[in-house]
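In what follows, chain A forms one complex with chain B and a second complex with chain C.
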Partner chain A sequence: MSGWEQLSQYIMSGLTTGSIYALAALGFCLIYNATHIVNFAQGDFISLGGLMMYTLLGAAGLPALLALPLAVAVVAGLGVVLEAAAVGRAKSREITVLIFITVAASVLFRGVFKEVWGKQALAVPPLSPDVPLKLLGATFTPQNLWILGITLAAIAVLIYFFNHTLTGRAVRAVAINPKAAALMGIDTRRMVRLSFALAGALGALAGAIITPITTASYNVGVLMGLKGFAAAVLGGYGNFLGAIVGGLSLGLLESLGAGALSSTYKDVIAFVVLLLVLFVRPRGLLGGGEETRV
Partner chain B sequence: MLSVERVDFSYGPVRALREVSLTVGGGEIVALLGANGAGKTTLLSVISGLNQAQRGAVKLEGRTLNGLKPSALVRAGLVQVPEGRQVFGPLSVEENLQLGAYCRRGRQQRAQVVRDFERVYDLFPPLAKRRRQAAGTLSGGEQQMVAMGRALMAAPRVLLLDEPSLGLAPLVTREIFDIVRRLPSQGCSVLLVEQNAMGALSVAQRGYVLTNGGIRFTGTATEILNDRLLREAFLGPEHQAGPTDGRP
Partner chain C sequence: MNGGRAFLWQLLALAAAVVLAPLLVGNPYHLNVLNVMALNVLVVTGLNLLIGFAGHISLGHAAFYGLGAYVSGILSSTHGWDPWLSSLAAALVVALVALVIGIPTLRLAGNYLVMATLGFNLIVTILILQLDEFTGGPSGFSGIPPLKVLGRSLASDQQFYWLVWGAALLGLLLARNLADSRVGRGLKALHDSPVAAAAVGVPTAAYKVKVFVLSAVYASLAGSLYAHYFGIVTPKTFDIFFSVELVTMCLVGGMGSLWGGFFGAAFLTPLPQVLHVFDEYKDVFFGGILLVLLIYQPQGLAGLWTRHARARAARSA
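On to the complex of A and B.
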């Protein structure tokens, strides 16, 4: 393999994992902007997305076109439940208390997933048959293309939703000034719940498209969620565009770092760069401005 | 139009409102005056449903509003412009106005909402030139216009205006009050809460003076202005010189 081929291989795999981090980071941003909390159950949304695909696509044999929306809907529903039954119901509005509720929810979710699906790794079939493709020297599968395409589509839908629909603007209004939004007759609680549903849907998408490569398990999303969190911090926590840039950069850093040195150090390289960026720009690459916040 | 009947409200053990009653008639501008901490903003929050009265009733055209959510109140025609403008800074002027019409999403109302956009831009010409600009980048007076325009987009029967002149230069204040004066002809009564008593009484027909959570005095604007004791006691000594401040 020539150097050029290797480079494009690393870029391809970096963009693939980076897409997953970006989706997870967007989920963190949505809930942060609506409630100012970090949702530690975001990784479990990813796990459940993969597990649902294992059951619906693999075990039940549903067509992908049906299984994917169903998996997304189930996890979005779990997001709503998390808000309606726990976070929104808490007597305290203290941020640390609410964050801890999401930690507790995450532990609970993982326990339930383990009961239902067991501890072993589960093979999830890809969205379309695995035939190796070659582009610019990189070898990849159709699943890589699905991941990039679905991520791009999800981002396009979010951009349209937040900038061109009244409900999307209402979600932003609640994030900017909940009291003024309530005075305009916007049901702030419903908008917060919608943010949880969207975060669940993004997590589900990430899990559904990555698990054919990684396999699914009750805790497969935990590390991906953590990387998504890191990506959100890297981009500027709460910043929509930052989450995308942060996710893709983190994925590329990991992959290129692993290629340049050793895959043993891929997490170390990514996190060292993250720390360096935060030393220089504590608010992240794109953080600080209110303009691009969603 | 709007009537508040013997409303009590406490923050825990602290009694903030005691048997407060007031009315705003159709096409009327009514001033609610009082020093800082007198309970003006609390009374507004009870009227607009952000806080629930422990006793008493708030009625709009005879219909009791107690216990309704803010969204139901907006639909009923009661809309508040909060103190300190509270515009959605990162969103454009147009988006702010659009969110004001959030409760009027029905198909039948679409044409009316489009007409109301033009009505608001007519009422506030500076906004028409800045439709695409982020509301947070506008001047204080322009932001007050966005806040008022946003509320008018909900097609209110009664507008609750909380301290519209706060932090504005006298010239800008006058401009805002001139617009307030035109609202009744647009089918909208106004309850104007102000610390700037002279300014408020220059546009209001009647007024109420609130102290320590209770209505101390009520009368026509002229009666309040001419009551020397009242001026000294409730409107502050700076107003003894005469009713010139804030008048166009």
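On to the complex of A and C.
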């Protein structure tokens, strides 16, 4: 394999995992903008997406065209439940308490997934039959194309939703100033709930398309979610474009770093990047979050 | 966080309970549970200092605990250091690491410390797993010598009991004294109003860093005690999920209350051991309890306690 072929192989795999990080990072952004909290259950949305695909596609034998929307709907529902039953119901409005409600929910979800699906790795069938493809020297499967395509489609839908629909603009208004939005007659609570549903849907999508490659398990999404979080910080926490840029660059950095150095420390890269960004430029690449000094 | 005279009496009562407990607990296995409880009390009390005074949460305390255990374990067995000296060295290393993390992140408002400590914990776990030449990798690091007092090894559960509960009581007393100190008062002012505190000249960022470092050192010392007690350390003991468990203990006990750490650790440490069913459902159980408490009783068990005391005072008045 020549140097160029190797490079394009790394780029292909970097973009594939980067897409997953981008989808997870977008989920983090949506909930952050709506509530100013970090949703640590985002990784469990990814796990559940994969597990639902295992059950619907593999065990129940549904066609992919039916299984995928169903899995997305179920996890979006879990997002709504998280808001309606936990985050939105909390007595305290302190951000720290709310963040740890999502941490607690994450532990609980993981425990429940473990009871339902067991601890073992579950094979999820790919969206279309596995035949090796070749492009610019990189070898990949149709699933890689599905991942890139579905991620692009999801981003396109989000852009359309936030710029050209009334509901999407209402969600943005709530993110900018909830009080003003409420005065304009926007049901802020509904918009917050919608953000949780969307974050769940994005997580499910990520889990559904990556698990044919990684296999599904009760905790498969935990590490991906945490890396998606690092990607969101890298791009600028709360910034949508930043989430996409952060996700893809983190994926590339990881795959090129593992190729150039060693794959032993592949998983460290994302968190070293996270620490460096927080130390040097907490606003991230494209700016976001609140950098108030006291 | 307040530590008045009442606290000293409560501490004395706890000390009496600590002295009496071994008379009632003959079973070495139960003694072992009590020892682990004391270790958790120590870590969680430190963590609670950070939450109560600085208003920040750390998701990296399992890593500080783990560094305390691994650094002291490796220095004392591979390099033959005295276990007391190696524990001190580990605490120094952890203090430096906490400084490096705390200085850039604690001057920013928001949740940056949570994010940084979370990343840090993940890095430490991966490094422990991968640097198997030094750490023993996934199977753990064994052959750690016990601590010695006056030439006698503290190897048995009974001997270690006195040491670790002594350390826990000392940790609580120190936390109370901190509440009464200049730093404690400054941070209390900061908690009430950051702007007002800064305006009257409280060096808020520096105080926060100090408390963070101190709280990391609590964890490190507990980790070193753990290593020299069990003689073996494994990476799973110090992963991110244990950090979550530690915060769970803080929140269940009472966030930022001096006794919160004790209540949380005392309540949650023995439960999985006492009720075996819970071991299988540990995640469901921990997650569920934390969730319900955070939603309906964000002040934790210590909050229930003070509410009860207040209600009683109101009735008698």
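Before moving on, here are some points about what is shown:
As a convention for this text, the second predicted complex is superposed on the first by the 275 of 294 C-alpha atoms of A that agree within 3 Å, B and C clash if a C-alpha of one lies under 4 Å from a C-alpha of the other, contacts with A are read in each partner's own complex, and residues count from 1 in each chain.
One rule holds in what follows: contacts are C-beta pairs under 8 Å (C-beta built on N, C-alpha and C of every residue); 3 or more make two chains touch, one makes a residue touch a chain.
Note that the structure is a prediction, hence the values are computed from the model and not measured.
Shared-chain residue A:176: touches chain B; no touch with chain C.
Of the two partner chains placed around the shared chain by superposition, chain C is the only one that A:282 touches, whereas chain B remains out of contact. Once chain A of one complex is fitted onto chain A of the other, the partner contacts of A:166 are limited to chain B, with no touch recorded for chain C. In the superposition on chain A, A:260 contacts neither chain B nor chain C.
Taking chain B and chain C in turn and counting the residues of chain A each one touches, the greater count comes from C. By the touch criterion defined above, A:185 reaches chain B but does not reach chain C. When the shared chain is aligned, no partner comes close enough to touch A:157: not chain B, not chain C. In the superposed pair of complexes, A:114 makes contact with chain C only, with no contact to chain B.
Once chain A of one complex is fitted onto chain A of the other, the partner contacts of A:92 are limited to chain C, with no touch recorded for chain B. Residues 290-291, 293 of chain A lie at the contact with chain B in one complex and at the contact with chain C in the other. For chain C in complex with chain A, the residues that touch the partner chain are 51, 55, 57, 101, 104-105, 107-112, 114-116, 118-120, 122-123, 126-127, 130, 194-195, 198, 204-205, 241, 244, 247-248, 251, 255, 281-288, 290-291, 294-298. Here chain B touches chain A in the complex through residues 48, 50, 69-75, 79-80, 82, 86-91, 95, 98-100, 102-103, 105, 134, 136, 150-151, 154, going by the rule given at the top. Across the complex, chain A meets chain B through its residues 166, 169-170, 172-173, 176-177, 179-187, 290-291, 293.
Taken together, the chain A residues at the contact with chain C in this complex read 38, 86, 89-92, 94-97, 99-101, 103-112, 114-115, 226, 229-230, 233, 264-265, 267-268, 271-272, 274-275, 278-280, 282, 289-294.
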